[in-house]
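Consider the two complexes below, in which subunit A is the common component and subunit B and subunit C are the respective partners.
Our next item is the complex of A and B:
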């Protein structure tokens, strides 16, 4: 049986966050991408720029929603539906 | 500004896919836009043209823009004669998913639902007391939740 020797291979994979095909409502960058302030240095899409979901099922970049919640003193609400923001486990 | 790109995207979108009755004017300074708002057909403001000024703070959209009418100020129950607007989404009710176009649509709808052209009841008092201030510095009491 003839054997082939693989000298070089280039593997390509596609990925996306589960079930989201939208832009982040806060920065308007795709959820699969990096929010603006992250693009400067080492961060690449994926684990460097995590996406988080609320109990209300709305998704945002972690850094974007953190900044928004940081501006709110008492009521921590989802920017989309204004329900109380709770991270979905 | 940390979210400059978002504002640039908003501008591109509003220019490439315009909304009826909303025209972006001078934007030579990205943090200060002038937008023309036309009174909708079949409403008290049909045929009238108004000018809005948007000033974006450095942390927009985490903080609301300052929005006022300049020049020809519409006569409306929620618009003071100095151009300040009583609309909760511009103040306490702000959310970062709102944008220039959603604000313009809210204002158009606010104008369109008017049944009479009157100034707010406390217009003179308000205008006298807030001379030179930003509407965002005041505390707003929203006495009409129908709009």
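Our next item is the complex of A and C:
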């Protein structure tokens, strides 16, 4: 039997954040993608653009929710349900 | 001269770039990078109900940060009277809400004579998941259900609560360009 010799291979992998298939409520870009940033350097989806969950189970891009919480002085609320925002472990 | 293979490769690269841009909002290469709010505003515009988009004028097509909405309430005291709103979107949108001014002089408990508007979602109750559609629906609702308990024009709110007929009369006069309050 003739042996096959692999000269070149192009591998493709698929990934998605666990359990979310929706857009970020703040920037309306898919949670698997990157939020649009005016100043940031080229960002790639994945660990560069993490997704975080609140205790209320709502998910956002980390950069988006950080910007929102930064504008709220006293009570930090979820942009979706207005419940008190606590990062979910 | 570009060979066929090279051309094909170029086309393929462009396609991949476009596909990436539509998923990530990232445009690499020669194109000018859009500001964050522009991408979001474009998505808001795509999701607008026809009754708003048909009456919306983009004042600055390049920057997408200034609009004029002509709103004609379909019910109530101000039925079918065109009210012009000036909408400016800040760079921080949607973290910060758009600024909305009423350019049409109106006698209303929640709109003052300078056109400032008292609408909760434009101020204390703004949250970034809201969009332009929600704001326009909110503005329309102000005409259907004025809220005299949270007034901006206290005098108008008083008349609205104590003498509704007089309020309607003055509001109607305003629509005809007569701004006397009697």
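Keep in mind that, in the parts below, the second predicted complex is superposed on the first by the 85 of 89 C-alpha atoms of A that agree within 3 Å, B and C clash if a C-alpha of one lies under 4 Å from a C-alpha of the other, contacts with A are read in each partner's own complex, and residues count from 1 in each chain.
Basically, a contact is a pair of C-beta atoms (placed from the backbone, for glycine too) under 8 Å apart; a residue touches a chain by one contact, two chains touch by 3 or more.
Everything quoted here is computed from the prediction, not taken from an experiment.
Peer 1: Evaluate whether subunit B and subunit C can sit on subunit A together after superposition, giving fit or clash.
Peer 2: Superposition check on subunit A flags a clash between subunit B and subunit C.
Peer 1: In the overlay, answer first, second, both or neither for which of subunit B and subunit C A:82 touches.
Peer 2: Both subunit B and subunit C are touched by A:82.
Peer 1: First (subunit B), second (subunit C), both or neither: which does A:43 touch?
Peer 2: The answer is second: A:43 touches subunit C but not subunit B.
Peer 1: Is A:67 touching anything from subunit B or subunit C once the two structures are fitted on A? First, second, both or neither.
Peer 2: The answer is both, since A:67 touches subunit B and subunit C.
Peer 1: Go through the superposed model and pick first if A:27 touches only subunit B, second if only subunit C, both, or neither.
Peer 2: It touches subunit B and subunit C both.
Peer 1: If you count the residues of subunit A that each partner touches, which comes out higher, subunit B or subunit C?
Peer 2: Partner with more touched residues of subunit A: C.
Peer 1: Could you tell me which stretches of subunit A are touched by subunit B in one complex and by subunit C in the other?
Peer 2: 25-29, 36-37, 64, 67-68, 71, 77, 79-80, 82
Peer 1: Using the touch definition up top, name the residues of subunit B that touch subunit A in the complex.
Peer 2: 2-6, 9-10, 59, 61-63, 95-97
Peer 1: For the complex, which residues does subunit C have touching subunit A?
Peer 2: Going through subunit C, the ones touching subunit A are 23-26, 28, 33-36, 38-40, 43-44, 91-92, 94-96, 127-129, 131.
Peer 1: Give every residue of subunit A touching subunit C within the complex, in rising order.
Peer 2: Subunit A residues touching subunit C: 25-30, 32-38, 42-43, 45, 64, 67-68, 71, 77, 79-80, 82.
Peer 1: For a test of understanding, state which residues of subunit A touch subunit B in their complex under the given definition.
Peer 2: 25-29, 36-37, 64, 67-68, 71, 77, 79-80, 82
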